[in-house]
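My structure is below; once you've seen it, I'll send some questions.
Labels run A, B, C, D, E and F following the written order; every chain starts at residue 1.
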Amino acid sequence: MSFLGGRGSTPAGQVNPERVEMAMQELDMITDVFNKLVSSCHNKCVSPRYAEGDLNKGESVCIDRCVAKFFEVNKKVGEKLQSMGAGAAATGATQSAFGTL
Amino acid sequence: MSFLGGRGSTPAGQVNPERVEMAMQELDMITDVFNKLVSSCHNKCVSPRYAEGDLNKGESVCIDRCVAKFFEVNKKVGEKLQSMGAGAAATGATQSAFGTL
Amino acid sequence: MSFLGGRGSTPAGQVNPERVEMAMQELDMITDVFNKLVSSCHNKCVSPRYAEGDLNKGESVCIDRCVAKFFEVNKKVGEKLQSMGAGAAATGATQSAFGTL
Amino acid sequence: MDFSQMNAAEQAHMSRVIEKKQMQDFLRMYSNLVERCFNSCCNDFTSKALSSKEEQCVMNCTDKFLKHSERVGARFAEQNAESMGAASK
Amino acid sequence: MDFSQMNAAEQAHMSRVIEKKQMQDFLRMYSNLVERCFNSCCNDFTSKALSSKEEQCVMNCTDKFLKHSERVGARFAEQNAESMGAASK
Amino acid sequence: MDFSQMNAAEQAHMSRVIEKKQMQDFLRMYSNLVERCFNSCCNDFTSKALSSKEEQCVMNCTDKFLKHSERVGARFAEQNAESMGAASK
């Protein structure tokens, strides 16, 4: 999932703001993906009746498979986006509203 | 959609942080609206069966009309809000939690 | 809802960035909760047919009870989280992705 | 929220920050409202123009949402005041 | 959006900011796409491997969503241009 | 995530930033949990008090969500480790 690389190095003792910002962007992205994963697998695997507080066997197995499948989908979508050189379609708003800059 | 105006000018060569921030706010808002538009029209027009990767004729026509209608709704809601001098109701949390400041 | 306390004081005339940031975090959280409250009670109490622009009696009563119940749920969940010393489970992404730091 | 521990400079700073935040909250509420009313009221895409029935629905939806928001805000403030009263006992 | 009132330094600053924002928007779109296609295409959790049917669905979903996004973007730009034309009259 | 390219000052800075982010993530998770459990458990508004049945549902919902989150976090970490192993080959 790490496709944001670093660029060059900085003298020890100083903070390179660009590098820190990149790490922050990656951190935000991982958090975003994790939250979507939690929510999606909860919807797929956990019954909303809440008769008990523990995950039962069926739910637990479902969650494990759900996470694995989500990662596979993440990979397939990433490959597809790369093969299409996408980004263009995605950033439509910014592009269409700021095309003149 | 542009109702955030500028204020005055700055000597060339310097960045007016207030002006840049306003442009950023407008940019964030446009992105937010665009994302909601994409999502709403996808839900209204695109079948989630995904039997093929292309938009069919019916979906394409639906999308065009959907975008036009969304803009009309955006305009109507904006006019209504202005006529009501709204903002009060909207920022309820901030107002009620920080009424003392 | 205020469980983010202050820390010490600052000489008058200066801004303590840490304290301001904490206040901002609390403000963001209150806004987030308020927005979820508005949305949840709208879904529970307001009919999406929109035959008229006023809240009818039934909707108004429902909203009042809905807000009260939401606060009770907020309190129960908060107590439960504290009793479990939670936070661990919650910040799963950050923990698992950055466990090495 | 209790700003009494803040000094004057901090309170002034918070006022500016809150003002900016209210603008952002308003814009966010606006786009949420458009999304909500569009989704509830527009289901016919045989035409690109808003029908008079759809337009009426959007007006009522906006009206009702603002009244709802205001009512929730009032109850929210009361509950918040109660919680703080309870907490300071 | 009108940047003509900005000076050169401000325009340069905005360019950098917009570039960064486009990266963020792209990442956000990516995770939304994964979520959407996963939710639409994966409903069988008797196995942890993606079936060929699910995989095909995910590919089509991605493809179609990008085409949808592009079409919406084109219409959005047209409508924006129209609104601005109307506003400056 | 690989911080080994960072110098000591940068790593210290990241630690502080991550700590702050964990607080924000926790607060966000808290409000999501309230919303989710409220929506699943509360459907009767003939009274403003939480019934004992609703309260039990909220407790179980919270409990289960945290266990779910923890389990997903564990699998997520394994998958992440695998992806990184694969990437560095």
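The rule is simple: a residue touches a chain if its C-beta (ideal position, glycine included) is under 8 Å from a C-beta of that chain, and two chains touch if they have at least 3 such contacts.
Fair warning: this is a prediction, and the values are worked out from it, not measured in the lab.
Interface repeat of B-D: among A-E, C-D or A-F, the matching pair is A-E, sharing over half of the residue-numbered contact pairs. Seen from the Cα centre of chain B, the chain whose own Cα centre is farthest off is F.
Centre-to-centre separation between chain D and chain E, using Cα means, comes to 26 Å. Chain C and chain F have CA centres that are 15 Å apart.
Residue positions of chain C touching 2 or more other chains: 27, 30-31, 33-35, 38, 45, 64, 68, 92-94, 97-98. Contact of a single residue of chain F with at least two other chains is seen at positions 1, 3, 14, 18, 21, 25, 28, 37, 41, 59, 62-63, 67, 69, 72-73, 76, 80.
Residues 21, 25, 28-29, 32-33, 36, 40, 43-45, 61-62, 64-66, 68-70, 72-74, 76-78, 80-81, 84, 86-101 of chain B are the ones that touch chain D when the two sit in their complex.
Considering their complex, residues 1, 3, 11, 14-15, 18, 20-31, 33-35, 37-39, 41-43, 45-50, 54-55, 58-59, 62-63, 66-67, 69-70, 72-74, 76-77, 80 of chain F touch chain C. In the complex of the two chains, the chain F residues touching chain A come out as 1-3, 5-10, 13-14, 17-18, 21, 25, 28, 36-37, 40-41, 57, 59-65, 67-69, 71-73, 75-76, 79-80, 83-84, 87. Within the complex formed with chain D, the chain C residues making contact are 1-2, 6, 9-16, 19-20, 23-24, 26-27, 30-31, 34-35, 37-38, 41-42, 45-46, 48, 50-55, 59-60, 63-64, 67-68, 71.
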